[in-house]
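Across the two complexes that follow, chain A remains constant while its partner is chain B and subsequently chain C.
Entry: the complex of A and B
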């Protein structure tokens, strides 16, 4: 069982060091965001964000996620209700998305 | 931690290409941050939701004091596009094409696609009753996603507790 004791978070709850991230931490962060179970569809988005986020140093925007994964806007908002932009980045251990679209 | 649900309502009253974007950009950001979004379209803003207008919004160079020639990469300092040039046929088409290109360069989608993204993200769209009557429009003239034609008073009722942004 992992907890967040040793995970460095900023004032808004985003992880400071994305390299500290593990799948277990993602599950805990997801629960805090109101998502009890991460399904394979959730993971597809998280994996995409990890890959592009670590490569570019920036969390992808919602549009980059829908275009990059092929997941529709409707599905993205259904998987991560009430504010997917911040939620996904937070769960993926990345910073707040910087883009506007 | 129970916090009150934040709500934002936009009133879109302009039909120019550049004036369509503020509500789209801010509305999308609001949805991404978990804020409820309602958009009310009135007067020329109706073009944003009218099927045969939505993809053809334009930006005229005449009397546009902000659109400088340097936007097009010309070394002309702060010189504007002369109004006399703006009246040449095709100039509005040119500046519209140019602005669409600049918008696409930052990764923002065209108006129709952007608005559909907002609808898919849960935004509620309404058309202004008075404008509908004035311009002889019907519900069928609007794109999918426009939920209803409502009066100004209905709008006041449905935006109670919302922050309202007029564009």
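Entry: the complex of A and C
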């Protein structure tokens, strides 16, 4: 059983080093965000965010996730209630998404 | 003969057309600018139309007034861009083969992307002020408003001029106060952001102004559905806000032909290098102004600051040199705060807005992040400066961002 003792987090609970991330850490972070079980649909979004986030160095925005995965905003909110982009970024071990400037 | 093609004759297209006509040899280059409109809008003025402070003549001029000598202007819609073939087809069937292309088609509102926003209430008790038509249509609804809840909602970021929704709120507060009915008007700002603005120090300053004016902020509100039959705006997390008058800032997207051409991002804003403004996919394509996907504010002042670096980079590329001019993301925005006062923010890619003086450090006359009447005069004077700029009269504003004379405040909260 992994825990978060050795995982570096910033003040808002985002992982500082995305390379420290594991699937087990994701499950713990998800529980902290109120998501008890990560279903295959949850994972599809996490995998998308990991792939694009690591390539660009930035967590994807809500719009990038819906366009990139084909999952509707409504469904995304059902899977990750309240702020999906922020929540997925946190669970996927990425920084906070810069939705705006 | 080579062709330098510019799509869009708004702020960015007008400025780059003039720069290129001045720097390219007319014996070898033809500069063409295409726009679907024959009207040039002073877009920052749209904010004042609903309150009757500006009239149509203040914000609308013929495009031809601003097209530089030696530039061919074509009024037509773009049907298709084929970047691999260096070719643009216009809706009237004309085909233009270009050597260099500048995309300056801006960004536009898309109310149809939000469920229910255009069903029923649109231009009855739901309005936008990001289009001339929307701002004009709203004016009678504002002057006839007798009381109730006014909701201003940003659907999704990024948007053109991220401070304009705040200015609208401040002006509405002042308008209804002067009319003597402010106590009957509940003003609500529903925003997807966690606070008033995108940058922490400015967000805190502007948030305090909202509070002082009794404007209620509904933060982290992601608008999902509008139910016009019940006058309800609902978020994806099922919060409901009822409204009597809804002022919507709908989703902003670039022109659809850019998405079809494969050079746009998920919102059809052109993918460019944020410093050189060159397309990341085609080296003879640049995108300027709101059409580009750079992480800077979509605002006219940003275009002014971009122009110096952009045209020099294009000329360097033509000469086979490497691009040495880097845009720093500089933005400068006057923010109307109501009662003939305004504040001012100055920032770039790496520095958020801080308090200080502008443009002369320590002297001003303008106060950064302070609310003054002088700032308000600056805002009003800007319309005349804008038209001068569009006519090619140089305006002496420092292009590069500077931290000199500013008080750097350590972040209390992350960006």
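In this section, the second predicted complex is superposed on the first by the 100 of 101 C-alpha atoms of A that agree within 3 Å, B and C clash if a C-alpha of one lies under 4 Å from a C-alpha of the other, contacts with A are read in each partner's own complex, and residues count from 1 in each chain.
We take it that a contact is a pair of C-beta atoms (placed from the backbone, for glycine too) under 8 Å apart; a residue touches a chain by one contact, two chains touch by 3 or more.
Values in this document were obtained by computation on a predicted structure and should not be read as measured data.
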| item | value |
| --- | --- |
| Side-by-side fit of chain B and chain C on chain A, or clash | clash |
| Contacts of A:11 with chain B and chain C, given as first, second, both or neither | second |
| First, second, both or neither for A:44, with chain B first and chain C second | neither |
| When the two complexes are fitted on chain A, the stretch of chain C hitting chain B, from 26-34, 80-88, 116-124 or 350-358 | 116-124 |
| On chain A, positions contacted by chain B and by chain C | 62-64, 73-74, 77, 82-83, 99-101 |
| Complex interface listing, chain A residues touching chain B | 61-64, 66, 72-74, 77, 82-86, 97, 99-101 |
| Residues of chain B that touch chain A when the two form their complex | 25, 28-29, 31-35, 106-109, 116-117, 120-122 |
| Residue numbers on chain A that touch chain C, as the complex places them | 10-12, 62-64, 67-68, 73-74, 77, 81-83, 96, 98-101 |
| Complex contact set, residues of chain C against chain A | 156-158, 162, 192-193, 198, 220, 222, 224, 236-237, 266-267, 295-297, 414-415 |
